[in-house]
Amino acid sequence: MSERRPGFFSRAWAVCAKDAAQELRRRVAIASIFFFAATALALVSYAVGPFGLPPEARSRLDASLLWVILFFSAATSLPRAFVREEETGTGLGLRKVAPGVVVLAGKALFNFLLFLAIAVLSVPAFSVLLEWQVRSPAGLAAVVLLGGWGLSIVSTFLSALVARAGQRNVLFLVVSFPLLVPLLLPAIAATIQASEGAVDGTPLRVLAAYDGAATCAAYLLAAVAWED
Amino acid sequence: MKLLKLLLLPFMGAVVAAAFLWPEPAKGFLGESSRIVFFHVPCAWTAALAFLVAAGYSVAWLVKRQPHFDEVAEAAVRLGLLFSVLTLVTGSLFAKIMWGSYWNWDPRESSYLLLVFLYSAYLFLRAAVDDPERRARIGSAYAVFAAVLMPFLVFVAPRVTASLHPQTVINPQGKILMDIPTRTVFFTALAAFTGLFFWMLEIQSRLARLDRERAKSARGGAV
Amino acid sequence: MASARIEAIALEKSFPGRPLFADVSFALDRGVLAIVGPNGSGKTTLVKILAGLLTPTAGTVRVERDGRLLSAEERRSAVGWSGPDLAFYPELTARENLDFFGRVAGRPASFEDIRSLLGGVGLAEAGGPVEHFSTGMKQRLRIAFAFLLRPDVVLLDEPLSGVDADGRRAVAALVADAARTMPVVLAATAREELPDATEVLEFAGRNTGQGKRYK
């Protein structure tokens, strides 16, 4: 029987869709992420306000605050990609039938889509609450996409490493922080440029290079993180 | 090899003495503070070298799966942690003299702080895993992954944002802007610190191997 | 109809300070091999090694189909496995779980296939998320998982634990049917818990050095 065997992407997509189905049925986890983002936004907006910052510092501070909100909202769910599979015991079945790269790709994709969902809701709200102007929306979209992918692939890979160790939650923050700073700094720089309208492309290029390097490394090391 | 090790002590001693006695202090720096370059930069170089050694041995372990490679990698990380802390300390002393404060969140200083976090994270990650085989595997995967992203940490991020840090030895023009006495002591210091690193690395990894073999014979030879 | 063979060559497994078993060898073309031994003797570990879920300290596992040695990737779908620590996604139904595993394995099963598979283990009427399943129902789903990818070899660890009389009959029928054409390896603590076996491999107990073979 010569049916076309599903390729890498449809297998990875199956993992992504399954994670999404689980999250949507549970609802608690997804709700708490958005609740976190909303709370952080409200806090920042209340403390700083649209006119609370001196004009010269505004674009730098606003960009930094935005990424703090985005990063920490995402961080409440990123480590769980693999950790939950191990905790519920489903990782065993998954490991039986699928190679590491497929599962990594699927979960990274899910985390990426989740990040985009958080961004799509948070960025406009942030812009309104803090009177934050974005002169180059295309530049901002580029940062969110590139930064979001880098964040997802690195976090998902590290989640796989941390999943079968002890003290997982603290461990994830400790191991991910040094590797995510070289992503967050250019992301903030590019966001400042997008808000001021003077996009010169350097931080975006750095992000793209980082994303490329991280994706290749994660792809090559996926099997190692996954095996037993 | 033993002769080289014996010579290292007097060699290092000569370097330290020369650092204070031979070259003139550089212009543009306060007092004698430019002499820090003979200690601070070799520490920084050694910390980065340690990282490369750890990453290289991690790759070797992933390919060959021999416990010795993992031991060397871990020893290299511990030494890297030591030397990067020394880099930060010497750098802060310099910063206090030149700019009046120990720490400025300057991108270049901060990148070495992040290296300290990275090394600590590697050791923390390993400590959380009980099974030695799995520990080696997870440690190696993290070391190699971090090595791929390290160029962004150490080289790119500081250049994307403006810096207080004095122009580095490897500067955009690609020329070495030191006079001859300074240059001699500097490169000799680099060699001395590199020798020191490899000697300490060998001792540390030998200790780890002895520990492993002792544990193995305590269990009656079972692996 | 493909013919398959599973072979273990001098398998050894030990954890730090705890040797589990050594020098375990067997070959099976067709029929049932039963691995019997007390708790902690290493049966589950051996079965997981055969399934490719764990790497042995020494020795190899060979799986052949039509005389050709299968690669590790091919073995993922060619070797069916179920064990007591296999869990399913609690928010999804039995059908959705099997559908997912089929897709992620790159061998999606049709609606009909899954329905008949669930029927074969007596779960045809089971709706609702798996988190509401009883122990017996979950065990039956595990058996269904083992047969999901149309395997050439089947490994079942503790296949009858927690299953009622009806379930036992269904599982025994599945095993007998499979054993006619492919190698089936079962593991349990007592002989009586398993359907008739062609061969039996006995594990002596904790920290045993040898696994013995006898018919």
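Order of writing sets the chain letters: A, B and C. Residues in each chain are counted from 1.
Here is the rule we go by: a contact is a pair of C-beta atoms (placed from the backbone, for glycine too) under 8 Å apart; a residue touches a chain by one contact, two chains touch by 3 or more.
Computed from a prediction, not measured in an experiment: that's the story for all the values here.
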Between the pairs B-C and A-C, the one where more C-beta pairs touch: A-C
Centroid comparison with chain C (C-alpha atoms), farthest chain: B
Middle chain, criterion being Cα centroid separation: A
Approximate Å spacing (C-alpha centroids) for the pair chain A, chain B: 31
Centre-to-centre distance between chain C and chain B (centres being mean Cα positions), rounded to whole Å: 50
Geometric centre distance via CA averages, chain C-chain A, whole Å: 38
Two or more partner chains touched - positions in chain A: 227-228
Touch list for chain A against partner chain B, complex: 154, 157-158, 161-162, 164-167, 171, 174-175, 177-179, 181-183, 185-186, 189, 202-203, 206, 209-210, 213-214, 216-218, 221, 224-225, 227-228
Chain B-facing residues of chain C, complex: 14-17, 19, 57
Sites on chain C touched by chain A in the complex: 51-55, 73, 76-77, 81, 83, 85-92, 96, 100-101, 103-108, 129, 145, 149
Chain A partner contacts - residues on chain B that touch it in the complex: 62, 114-115, 117-118, 120-122, 124-125, 128-130, 134, 137-138, 140-142, 144-146, 148-149, 151-153, 156-157, 160-161
Touch list for chain A against partner chain C, complex: 5-7, 10-11, 14-15, 18, 21-22, 25-26, 88-90, 92-99, 102-103, 106, 227-228
